């Protein structure tokens, strides 16, 4: 499988191999940063199906997933519940406080945590976790402070790629792909 | 017409020439993978007009079309009915079972079937049909397991390009284009 | 002004200089081809503000504008009325018939008409007007049958660019830009 | 911090260093120019979260922000109030008159004002302020009349980049980033 991750440095895989919790920001990571409204103040969000498709595999291997976001949006809450995130916090001013309390509740160390963020408010967590990542279109002065800059822009599957790297680093992706790709269907 | 398909290998045309059924995934193929909601859990989908414009020509030449998708969405059902897909199945866990039953019902062999998919769940069908394709932005470890990687990303006209290749491989596209392009209009 | 149109061939300007009517397709030209629905069959369209901003200048120089589209959409009708198109026809099967009747009603020749389209259904008109154009992401076998392939993709301002070329070819753009760019504001 | 702004000329920073008011157009700058409607004439706008995230830092350093737009849209008014713009004017025909009255009300000179616009209607202000900028996808004959062409397209964070340049030019960005990036979190 490593051939699909040629652009990922060996050090990144080493960091990813220890991860038991993957937490992500929402706007600009799970979305392309689009804040969409209509005339009646209804809010809309565009998520990426590829991000959701990996959740069952993370759960199957007991890697916890969480969301911490600075904005307050009903549609994000609904998406988090649809994807069965282990925790999700919205309208958070100090992300690191919420983050640390969750790490503690799960009995983990910071080295066992990964975080994906794209902006200034994410820096305190990004600089302290075991494995940090951001979208390819993150703010420039955030982008050079993470362990891994995704091949993808926000909303294109950044969460998916980071999840794939974590699963692959722990030897949990290859068998899934191999089993699915080697099924033989018979002419009916 | 082959000059418009210079990027398509001869082997791809050979496989396409046998196709009597074209089945496609939805999210990430007919769309760009965008999963869009508002505050009230209403779902939105963005399809591509170019995909729909080729359906009448597929039908005119009795090439069947179908949809099999893992998600459950009213808006996708409506679009399938608008485009008069011969069959469409939603919320499917094991895509290959549904696929095989449809192939059987139509009295076809797997060699006569084409499939477009973009993710891990599509691998069993992609690896067993006569002609398999995926969008240019499919998941990397899916992308290298298909016969043809589209010039287009999901939602940009992947289905249209695959349909065009099938029609062209069967000698059914050139006359349509030639007839339309050679009509003479008279000054009124 | 010609420096902004370096990519436009001299022959294109010659054709554009005779135009008195600019007609456009909608989906894939005024939009990026996105066909967007929600669960309740409500349709959404995304137009481009840049296309609308040039309409007042076309009208000021008595260049007529029209829309002929194969699809039937309330939201497109509303946009045509907002932009005060001189005529707009929707759900048209044979575009050339409607087109010719409008050319006749306006007392024009085909050489005085420009048309923008992106797909197979547009070929009869594209091949017979004085000046034909398409978006950069038009269907490949349409793209090489027009006088001018826009620098832009559908929904990015294709109509605007073609309108700019027509105005510039007739010496009607430079003074507008010069006047606006040379206004002197005084410190209050 | 200057390493993140390598693409920005020294002269641009000199102009930015004097700015006390940043005014922006909306469509094509805060958005990608998308004018989105549904069947019921409801309007939708897609803004960029990155633009909003810098507002608190502009306010903290008493840099005023304003919006002047030619279109009239409820959803834009709501977004301006959400972001607490110091002023916002909609449906404006002559932007320069409104602009000058605001400059006067704030007791500023034109040299202390920055403006971001993308189209012909913005030229009178762009050519007279102390620091002018436009998105990378602005109309070509506007693009070469500004002090700075953003690295970003409309809706991708143009306002954010210009705000970052202003803050950085005034020595107000580095400490914020440094403080956030150097916080030490303790294993719980």
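Per-chain numbering from 1; labels A, B, C and D assigned in written order.
Definition applied: contacts are C-beta pairs under 8 Å (C-beta built on N, C-alpha and C of every residue); 3 or more make two chains touch, one makes a residue touch a chain.
Owing to the predicted nature of the structure, the values given are computational and were not obtained by experimental measurement.
Trainee: Using the touch definition from the top, list the chains contacting both chain C and chain D.
Mentor: The common neighbours do not exist; no chain touches both.
Trainee: Taking each chain's centre as the mean of its CA atoms, how far is chain A from chain D in angstrom?
Mentor: Whole-Å distance between the two chain centres: 30.
Trainee: Could you grab the centroid distance between chain B and chain D? Build each centroid from C-alpha atoms only and quote it in angstrom.
Mentor: 42
Trainee: In chain C, which residues are in touch with two or more of the other chains?
Mentor: If we look for residues of chain C contacting two or more partner chains, we find 44.
Trainee: Should the pattern of chain-chain touching be classed as line, ring, star, complete or other?
Mentor: Basically the chains close up into a ring.
Trainee: Can you list every touching chain pair?
Mentor: According to the stated criterion, the contacting chain pairs are A-B, A-D, B-C, C-D.
Trainee: Once bound in the complex, which stretches of chain D touch chain C?
Mentor: Those residues of chain D that touch chain C are 27-28, 31, 33-41, 44, 71, 96, 99-101, 103-104, 109-110, 118-121, 123-125, 127-128, 137, 139-141, 144-145.
Trainee: Quick check on the complex: what are the chain A residues that touch chain B?
Mentor: 1, 4, 42-50, 52-53, 73-75, 78-79, 155-157, 160, 176-177, 180-188
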